[in-house]
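Inspection log for the structure reproduced underneath, given as structure tokens.
Letters A, B, C and D name the chains as they come in the text, with residue numbers starting at 1 for each one.
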Amino acid sequence: MITAAIVGGSGYTGGELLRLLIDHPEVDVTQVTSHRYAGNYVYQVHPNLRRRTELKFTPVEELQKTDVLFLALPHGKTQKQIETWVEKADYIIDLSSDFRLRDADLYAHWYGHDHEGPEWMQKFVYGLPELYRSEISKTNYISGVGCNATAANLALLPLVQADLIDVSRSIVIEIKVGSSESGASGNAGSHHAERSNVVRTFSAFGHRHTAEVIQAYGLKDITLTLSSVDLVRGALATAHVSVKPGVTQKDLWKAYRQAVADNPFLRIVKERRGIYRVPEPKILAGSNYADLGFEFNPDTGRVVAICAIDNLMKGASGSAVQSMNLMLGFDETLGLEFPGLHPI
Amino acid sequence: MITAAIVGGSGYTGGELLRLLIDHPEVDVTQVTSHRYAGNYVYQVHPNLRRRTELKFTPVEELQKTDVLFLALPHGKTQKQIETWVEKADYIIDLSSDFRLRDADLYAHWYGHDHEGPEWMQKFVYGLPELYRSEISKTNYISGVGCNATAANLALLPLVQADLIDVSRSIVIEIKVGSSESGASGNAGSHHAERSNVVRTFSAFGHRHTAEVIQAYGLKDITLTLSSVDLVRGALATAHVSVKPGVTQKDLWKAYRQAVADNPFLRIVKERRGIYRVPEPKILAGSNYADLGFEFNPDTGRVVAICAIDNLMKGASGSAVQSMNLMLGFDETLGLEFPGLHPI
Amino acid sequence: MITAAIVGGSGYTGGELLRLLIDHPEVDVTQVTSHRYAGNYVYQVHPNLRRRTELKFTPVEELQKTDVLFLALPHGKTQKQIETWVEKADYIIDLSSDFRLRDADLYAHWYGHDHEGPEWMQKFVYGLPELYRSEISKTNYISGVGCNATAANLALLPLVQADLIDVSRSIVIEIKVGSSESGASGNAGSHHAERSNVVRTFSAFGHRHTAEVIQAYGLKDITLTLSSVDLVRGALATAHVSVKPGVTQKDLWKAYRQAVADNPFLRIVKERRGIYRVPEPKILAGSNYADLGFEFNPDTGRVVAICAIDNLMKGASGSAVQSMNLMLGFDETLGLEFPGLHPI
Amino acid sequence: MITAAIVGGSGYTGGELLRLLIDHPEVDVTQVTSHRYAGNYVYQVHPNLRRRTELKFTPVEELQKTDVLFLALPHGKTQKQIETWVEKADYIIDLSSDFRLRDADLYAHWYGHDHEGPEWMQKFVYGLPELYRSEISKTNYISGVGCNATAANLALLPLVQADLIDVSRSIVIEIKVGSSESGASGNAGSHHAERSNVVRTFSAFGHRHTAEVIQAYGLKDITLTLSSVDLVRGALATAHVSVKPGVTQKDLWKAYRQAVADNPFLRIVKERRGIYRVPEPKILAGSNYADLGFEFNPDTGRVVAICAIDNLMKGASGSAVQSMNLMLGFDETLGLEFPGLHPI
């Protein structure tokens, strides 16, 4: 068995990693750190894990060497201490935003300050297997993915890979997100009485995850606009693009079918009947699937491309475990079998 | 006192009209029809009105002449019977979609069939005072407004009236809506277990309310995309537009301030601090306000313009009562004082 | 016009008082204090009041004399400073728990410490008009009510006043509450991601509001058990009692009809058909009504008595304004006309 | 591999059975019937199963012999056709209420009509392993469990098995339930706009599941009162009982620890700190755990005993699969490993 440790295990991303790794057939999670909850059983913070593990949180200072190290720290912390972390494990998966970008200028532009470990930026592979499966299989260092970036990147993936987009036209991606995105500690606006029933466009321009979409596809004229909705887990990206002249509905189907054939966690949802005709995040809670759909207006060449994910799974911990599987040579889907619930 | 009657009073729009008219100081609502609930007290269907009125539903066949007639029938019914309705009242307000469009071709294109009372199309004024205050004051026939159209039209209003939009660029309007939009009878997809926690992009292109936005401003390259979210009352429109070269943040503020100065139910919500920095529909439940906001990216000339409304109020019954006030020469805001709740 | 001031106006109770008083025809609210938000417009905290008032929060130190003073401070603060407050106004309404109990021992038992202004305990009248209408009309000092106590007290009121309860049997009152009960500042458990979808029995025994039910009716063997549910505004009390031998369904109806006849804000909800057959808090959001219902099992003599309220209205600010109306000789229902919404 | 078939697979219970059996290591689900959806892929109805199975619904008339037959038909249907079903399979698990009671009189009293297959009533074992593990292991015919009955039965289980309850005192069990309890077809009251934000005590007395609690423990003076809350999956039972004189907190802990030691899917949740101090159904969505808790008032001898379950899992399909495992000699927990999610 491979041993794994999670640094920063009390947050939502850490909890989801724990859930996945505890049941992973090839990995034995032996350490979980938390400053605040050191000494507590992990199930006191993640109550779903009661009777599933007797692990306790430990102080990060007591971290022992391990095979795989998952870093789930607040953004900005990993880059300062990266030299320390690499001594602890051969394989590192950093779920923060610190090593998602490979370009120091892009980082400085979107994060408003220089990167503090620039020599390490190139050593990390962006941990979205749908984009970098081959590179992930050969690296020891993987970055996490932004959840909103992932919804956007996967919404566009079939269109980009089939080269159908008219890049001279503006791309608008509207993303609706659940409250787990704001993390376990919350803020004034995440108080239930304020956050319930909400539709709140909290970021019209300038969300940092935009950088990960620019990096992925080289698209320039692209806007990510984010709205909070009344949901705990889930993100839905609705991308508005123009396709090249002559592109047909058939071309679109072909592009989507290819994407699904290439990737075990992508699904097309495009039904003519029933309740679930389009991708919806709610049925993906706990699942690593990304559900894709599209609508085409042949009169105008406009496409609405949709992607639904669980922000804590495909948008964070699920993609991390999927990447770990590839990095360690396991089956890509190992430990990621839970299909989600209906109804929920 | 002016007498009023509501035809089709058991639906959500009818119930909201009842709530408003029961407390209206100048109007006495004396008749409410319902085929299904004839003989029942209105409070048995609209439980908030218990102890506020002893009105019962009557069959529409028993409708007596009245001063003002509100028609809240399913779409398609009014246009066939308009000759009958005009005999019942001097003033008609039709909340269905039947008389919203003035152009028979536009109707045929978006509704998929010819209008059945085309000679009456021109006689109705579109009941959005923010667009047609003067005309409403002089007419006897007012049409209702589409709730999504209203969110979109008011989102764009300051920009259009100040002539700031670059109409050569595509306009994308994303609208998130609550479940009361689907009406009181619901459908398979509105079952709580399926509709709860939902983010469902149910209409990417082709929603009929698009026609009302095209008619309002003459915009051609415009897409309305609608998503259901977990909310009962409310609609939020997020409009993505490009402004003309040289337009500044100051120009935008001026345009919004002018719109608010002209219209008692518009408000600008654009704060730097606090929880409520942008327009949100939840605090508008029961209120006739439309809250407007905007964000500007000066590097790209892109604007995200936002409008939040209660779909049953500003998007239906509230605008109808506001229009009635203007038509009958009352103060525009009469009976529409409820400001909404916080928290909710 | 009577002038009013609100001390502690940034919380939910304060915001609701503001909403009610701004539109009250006989009262002019001229001061609102807040330590944290001094200098801000009240609509920056209570966004529903935008364009309805230009009032700003002021520091409590700047409070000027006023006719009526509403105190909406955290529990425990008023009792220490009561001598100061009575110098500021002839009429005081304290919405905290500080002056709800008249018995120092009862206070000490349920609050775990001695009262710090015991000589003032007897001077305040408990501000629930359904119990103390006459006393409220003659006093200058009114205490607020506990929201859960109010739901429980009104659930039992018809049965107690008609002397139908078998007091030798245990009384169990289950109360389900919305998140606004925990106040505007929230806590770890009120983070949306934790509080959403919740059914959490957070207090099985010992909730302080129990004391207000004991005081109201002299009942000894009574348990209040509280559970959080996924709702912002509202409380539903379901009381399980045994009635005296021989009590019939007819006796129960008579008791409930009497209660409603005596009190303008009580309603019976007990329908055989339709969706709204029993009291439900959701349709009461913003309303001062308390909806009552009951079910009787003649085989066992057990009664389930139900009361639904909006915890911020009948359970706090609404009862306070209703009490103010009585104290100042206005019509009891003045400024409390909003009936609630359907749907919501 | 054992083959299994599901009759009535389009409902929520059927969907959950499918989810569990598709991933069950010892069972191969080969047939799923549905009248309405015959010919459709099961993932068109249960969208979480897309890419997990290519099964289609078939008409029940085409049902072939199988090893294990799960019947998920509307209540009342199985009892009429039981002779037909037993010809189709050696092992039958009927998830309806038809064979839950063993006493024809009890059935007639609570269901209002005579049982139509009385000679079969004794042949079925009630499918709650926590009560009948041994009998289930030896039978070929298992009945399903009522979800509310299960929440109530497991709430009381530790107290009954340790003989701590004072049965001379009334027992009140309040149960709060999610909308999935009303089934996939819904009703007028389950329309999202009516069911959202709801706290609705829809059954004060007389719920049919009460019979299953009476049968389990022989308790006579017991009331189950049910309230709908805003939740899709989940049920929380809060039982109010008196314990015998002399019972201590220590006795209670011992009773609970014994129950957990005996049963792999029971857990005690009773923490002094943190958010999750008591059982909550939300974190159990998709899980077969039943979380138990209690509070004791030594002054009065009153106990509040709590049980949280997922009504579709431990309250239906999960217990059915657990029972199947026992009946077929597999490990009791096989295929039931999913622990639930946090947050959700």
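The working rule: a residue touches a chain if its C-beta (ideal position, glycine included) is under 8 Å from a C-beta of that chain, and two chains touch if they have at least 3 such contacts.
Please read these numbers as outputs of a predicted model, since none were measured by experiment.
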item	value
Pair exhibiting more inter-chain C-beta contacts, A-D or A-C	A-D
Turning angle required so that chain C lies on chain D, C-alpha fit (0 to 180°, nearest 5)	180
Interface residue identity across copies chain B, chain C - same or different by half	same
Between chain D and chain C, distance of the C-alpha-averaged centres to the nearest whole Å	38
Rounded Å distance between chain A and chain D, as computed from the means of their C-alpha atoms	35
Between chain C and chain A, distance of the C-alpha-averaged centres to the nearest whole Å	45
Junction residues of chain C - those touching two or more other chains	12, 180, 184, 188, 193, 196-197, 230, 232, 280, 343-344
Of chain D, residues touching chain C in the complex	169-170, 172, 174, 176, 188-189, 193-194, 196-202, 204-206, 221, 223, 225, 227, 229-232, 234, 236, 238, 240, 242, 275, 277-282, 293, 295, 297, 300, 302, 304, 306, 308, 343-344
Of all residues in chain A, those that touch chain D in their complex	12, 15, 19, 23, 44-52, 180, 184, 232-233, 267, 269, 271, 273-274, 276, 280, 283-287, 289, 291, 337-344
Contact footprint of chain C on chain A as seen in their complex	12, 178-180, 182, 184-186, 188, 190-193, 195-197, 230, 232
